[in-house]
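As written, the chain order gives the labels A, B, C, D and E, with residue 1 at the start of each chain.
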Amino acid sequence: MPLGGIIFIIFFIAVFGVILIYLARAIGGVAKRTSEAKMEIYECGIPEMEKKDTKISVNFYLTAILFILFDIEIIFMYPWAVNFREFISAGAGTYVFISMAIFLAIFIYGLWWEIKSKALDWEN
Amino acid sequence: MSMDAVLFWFLSIVVIGAGLSVVLMSNPIYSALSLVMTMVGVAALFATLNAYFLAGVQLIVYTGAVMVLFVMVLMLFDLKRELQAFSRGKITGFFKIAGVGVLAGLLVGVITFTTQKTSLIAEGSPLAADIAAQAASGADNTKILSENLFLKNILGFELLGVLLLVIAIGVVALSRSKGGTHARD
Amino acid sequence: MLETSMFSEIGLNHYLVLSALLFTIGMAGILLRRNLIVVLMSIELMLNAVNISFVAFSKYNMNSEGQVMVFFVMTIAAAEAAVGLAIIVSIFKRFKEVNIRFFEHLKG
Amino acid sequence: MSSMGTTTFEIVINLVKTVLIFLMMVQAVPILVWLERRGSGFIQNRFGPNRVGPLGLVQLLADAVKFLNKEDFVPDKGNRFLFYAAPVFALIPAAVAFMAIPMSTPLTVGDSTFLIQGYEVNIGIVFILGISAMAVYTMLMAGWGSSSKFSLMGAMRAAAQVISYELALGLAIVGVILVYGTFNLTEMIVAQQGPLRFSGFGFDFVAPTAFLPNWGIFFQPLGAILLFCAAFAESNRLPFDLAEGEAELVAGFHTEYGGFKMLMFFIGEYGHMMIAAGLMTTFYFGGYGIPGWTTQEVYAAGLSMFGNETAASVFNTAIHFLSFNIKFAIFLWIFIHVRWTLPRFRYDQLMDIGWKTMLPWALFNTILTATVIFLASQYIIG
Amino acid sequence: MDHQILIAVLLLSPLLGFLINGFRFRSQSYVIAGTVATLAVTVSFVCSILLFIELLALPAESRRITAHFFEWINLGDLNINAAFVVDQISSIMLLIITGVGALIHLFSIGYMHHDKGVTKYFSYLNFFVFNMLILVLGDSLVTMFVGWEGVGLCSYLLIGFWFSDSAKAAAGMKAFITNRVGDAAFLLGMFILFMTFGTLNFYELNALAPTTMEASWLGAVTLATLMLFIGATGKSAQIPLYVWLPDAMAGPTPVSALIHAATMVTAGVYMIIRLNPMFVAAPNTMMVIAIVGAATAVMAATIGVVQNDIKKVLAYSTVSQLGYMFLAVGVGAFGAGMMHLMTHAFFKALMFLGSGSVIHAMHEEQDIRKMGGLRKYLPVTHFTFILGWLAIIGFPFFSGFFSKDEILWQSFSSPRGHTLLWVAGALGAVLTAFYMTRLMALTFWGKSRVDKNIHPHESPWTMTVPLIILGILSVISGFIGVPHAIAEFMGHIPNYWQQWLAPVIRPLPIEELQSVTHTLSEEYMLMGISVFLAMCSAIFAYVVYTKKKHIAENTAQSLKPIYNLLDNKYYVDEIYFGAIINPLVKQSRNLWYYIDVNVIDRMTHVASDVATNGGKLVKTLQNGNMQQYAMYVSLGLIIVLSYVLMR
């Protein structure tokens, strides 16, 4: 990626982001007339109930953690995949293939374990 | 001033600014989002250093996965605001801030005074010319990275696979535990 | 002359200084913040700072070891974040607390 | 530096081009909305919007005006900054990623060459994945910033869903990378030129009929299906739109949103759809290539027709741009058609499909591809 | 196929089986576990056969296949490689171990199917085979010692397999500790050899073995070989370290067949044959070996006469037969010893498996007084058992006949033999015939004394097939090594066995050989005497234990003291306890009390007090505040950086 591209992306994010937000506010205008009901958050019309802690299933964060781990394993395969043919033509094909096979075996074992241990089940 | 320099200074301002706000924001969610900004800046810095693939990995792994987890956990906790955002003890607090300041100064000093050259390789050597040529070309070095990773450091690579497996199992075990080894009272 | 070259010619030292500054910011976060999660984030910040210097060394010494190291550091950092957060969530579920001073009670 | 050009002329044109592509993407959204409404009408045996203008086309304009004129407000309990930042994060990553997709052959005018894409990225796929991964923040920021329980639940669901399917997506792409041996999208398209040919196991086989193009779909059928399914989930479209299951969560993470900010969410969602369609086209259907003719042949035809290199280049670019857009449109239509055809999954079914069905299949696809490539190579060498 | 790969497969196949079963040791599916384990050993067996064929193709002098895998230890002069050698000796052992091993694995599927720990059992069994193969194939004493210890471990694990029964666990412990004594001597022998010759590789050692006979008792070779022999007595259950083997019958019966009859216990004999040039050079050691072997043969046989547990009888018979092997190698008849090792592996494995079949049929009943008349219920077992019985009592033209006769003849005729040794051997043979016939009679013949509640049944095919195969082998295997004298008589069958082993066996010095001359007629006569006596003894036993039971009872009554002596196994266990173990325990206790508690503990207490008080002082630093720790770290960093800057 040429450096110009990087500059552009960064400016793009920064400038357009800010412009768009302010554009939105300029066109729509900030709410002038307010009322309690209007500014309340929407809970299907029922008066909102404040609760100390929102109960969110632990499964969500467990999914996120497992995602991190598997994502990294997948990312590890990218440099391998992109150079696989070159490895083969350099004569290191078998070596690289087998080492990735071992890695994949570990990956598959991990996935199998997670499925077997019901860590990925959402039905209670 | 070249484009390189402009980019570097811009990025370093972004990275340092976002890094500072990680520490200074009292709302942990803002801290986390500032950290996301830092990560993106670091990814861009990687790109300026010709490490394009690593820049992509930085985006995918850090911003796309790790920080998502941080933000999700923070939202899970519903911690509106840290009551005591910073250390209270005045003396230790002073020491800590002073220590960090001194540390920063020393690090910068050591870097600028001990390494006079821009590169560790002697100038004028053929290798230095190679480096200059390669740095100028902006060539993608995913291939070199991949060769090093899969031919030289394959053991580390496999071991990381095992580490990730162990953690995947450990995390599930942790999340199943009720927290703490003692019985609840 | 010296001034302009320092600003216009970016070399290894620039990246190293940037890395050092980011590292100390992370250090400050660890020292000063009370929220365990923010402390964990500060650690990530420090690791990122180190990564910058790794990649810089890699470029300026034309050696891919640095990049491989960054790859490994990223993995370890992600693993550390995963386990750290799992522990924090576990503790939070039990004690409803993420203040670092609270965990002094956990010592032997 | 190259893609931004060296002369002022090139830089200006490149900047204008980038803005144009961005605008093209943004402008495609109202058209898609119209298409979706008309299409749903067509599928459900009713008319859809047909009053305003011919075929209801001016309805787009009316919608846009309505969106822009809505009052802009933040709920009292909401977090102002996040509430505003979320829509931006929906739009920008989608746009940035979309711009990396090549849409036609480079245009040569005199000495200058212009790419028909925002910018060329060497690590194309990795870049697109990295940027679109940031879309998760949109949902989390919106969900948290709204401070509404529906929003938060919707955000959590959407985030968990998106990251789950990102695994299958990323793994399906490994197969693509294995086949082409590059991250660069343009190089992939170039590799798909010409008639279908298999080489391996000691022989080089060109398909007997020349009309079959050398497209990735013939090498990665399973990968294509997986990628397409994952793309549905990534863009939160039916049958994977659990995040905004109306019956449970009103409208998911954008329950509290309205007006221009809502429109930005729309653009983000359709932007992801367009990225998916663009990636499908690029990976598996030859990108901007035309089956039966290589780019050189088209260029030569243009040259003989106009006798002018610039004109030939413009002709070449235009034809291929058309070709890309036809394929692109077909995929977008499939997205819309599926939305009105399939019912929604239950959340646990959704996660099961992602983790226990698609991920193993994607793994299988990767292993199969690698093994075939490996065996073929061993056979040729040995 | 490449030799290296073949040997690697041969070795790794049981290891893989061990790992597969070991990782799923909780499983109770005997079919999977048994199939995996049996297949693993069968693969090894196939490899063994292929290697054997490869060896056959080589010229006789250079029959040696070496697989060098990696350098294991390289310290100064000590250079040990992970290298494995297949030659004339080890190829035979390979075939025995993997062949008999495979059959016993197959047998175990049927025998162990009701056991909860069946997967664990098979994993141990495979691990045993792996270690045994290392023992056999290793090209140096160190490599062999690895396998030596490995089989010891497996033996321990398998004897104590039903460890919830404390007696059985104790039996395992006894085997392990007794072996330790032998192993210590083995190590000493290794040290002496290394000090003297500077190598531990078998071929280098054998090449370096002195050509002149060492007359002194204190010479290096004599000492080393004596030490190695003590090691062998531990592993191969000879006087004085035989006591563990009868107790080892606590393990599952197939284990007894594989480990305590066919393979592991022969390791000592194998080791001596491997180093035969070294042993030949030490006539004193050879004499000791021969005497110990003969003594063991007789003594174990006498004990065997009065045992009532079917497996105990077989155990003492094993000890006795091992004594024959040592007798053979002691008089320099290494080929005969090896031959007996093989035939014994077949017929003793057969009989152990047969007894396993009987025990299985009798629902874990092992007392032969409660059996009898089982031939009706167990026809296959009975028939195969008869084959084994005929082989062991040396019935003419069964396998045991050839090997045992050759040993007896050599013990008489060899320059290092002696008439007394022949007498002892013949006595052993007579006793063997007696007690084996007694076993047959009490178990299979005569009237049934089976408990009414027990309904014996023939075993499934997995158990009978190995019995049949081993039965056939017991009958025919003798013909590959027909002794010279009988060969004359049978039309000059060549002695393949001697031919095969000749290149690796060092003959006794020529001057010794010339000092004695014997004629064929002597040999026929001695053979006739021993066979005749043995047959008489067998017939006597048959009559006594099927028709006239009162004779046995009366004899036992009238010879009460001798009977008690035999029944209590010469009080050897008691003597060991009184003379060695109890004093050792007592002295250890004294040591513990006076030295450990009063001196060493006090010193450590002082040290710990210092640590405790110091720790209390430093404890204030460790206050659990992580941020403070981090601050210390950064302070340290500041100091280091300051130093770098100021330097």
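Following the convention adopted for this analysis, a residue touches a chain if its C-beta (ideal position, glycine included) is under 8 Å from a C-beta of that chain, and two chains touch if they have at least 3 such contacts.
Fair warning: this is a prediction, and the values are worked out from it, not measured in the lab.
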> By label order, what chains touch chain C and chain D together?
Replying inline: A, B
> Suppose you hop from chain B to any chain it touches, then on again the same way; how many hops at least until you reach chain E?
Replying inline: 1
>> Considering only chains that satisfy the touch condition with chain A, which of them also satisfy it with chain B?
In response: C, D
>> Centre to centre, using CA atoms, which chain is the farthest one from chain D?
In response: E
> If every chain is reduced to the average of its C-alpha atoms, which one ends up farthest from chain C?
Replying inline: E
> If you tally the C-beta contacts, which comes out ahead, B-D or B-C?
Replying inline: B-C
> Between chain D and chain E, what is the gap in Å from one C-alpha centre to the other?
Replying inline: 72
> When the centre of a chain is set as the mean of its C-alpha atoms, what distance in Å lies between chain A and chain C?
Replying inline: 21
> Using CA atom averages as chain centres, what separation in Å is found between chain C and chain E?
Replying inline: 61
> Any idea how many Å lie between the Cα centroids of chain A and chain D?
Replying inline: 17
> Got the chain E residues that touch at least 2 other chains?
Replying inline: 627, 631, 634
>> For chain D, give me the residues that contact two or more of the other chains.
In response: 1, 85, 121-123, 126-127, 152, 156, 159, 163, 166, 170, 183
> Got the chain B residues that touch at least 2 other chains?
Replying inline: 3-4, 52-53, 57-58, 60-61, 64-66, 68-69, 72-73, 75-77, 87, 96, 99-100, 103, 107, 142, 145, 147, 149, 160, 164, 167, 171, 175
>> Taking the top-of-page definition of touch, could you list the pairs of chains it picks out?
In response: A-B, A-C, A-D, B-C, B-D, B-E, C-E
> Any idea which chain D residues touch chain A in the complex?
Replying inline: 1-4, 18, 68-73, 75-78, 84-85, 87-88, 91-92, 95-96, 118-123, 126-127, 146-153, 156-157, 159-160, 163-164, 166-167, 170-171, 174, 177-178, 181-183, 250, 255-256, 259-261, 264, 347-348, 351-352, 355-356, 359-360, 363, 366-367, 370, 373-374, 377-378, 381
> Considering the complex alone, what residue numbers of chain C touch chain A?
Replying inline: 71, 74-75, 78-79, 81-82, 85-86, 89, 93
> Along chain B, where are the residues that touch chain E in the complex?
Replying inline: 87, 92, 95-96, 99-100, 102-103, 106-107, 109-110, 113-114
> Mind pulling up the chain D residues that touch chain B in the complex?
Replying inline: 1, 81-82, 85, 121-123, 126-127, 129-131, 133-134, 136-137, 140-141, 143-144, 152, 155-156, 159, 163, 166, 170, 183
> Hey, which residues of chain E end up touching chain B in the complex?
Replying inline: 627-628, 631, 634-635, 637-638, 641-642, 644-645
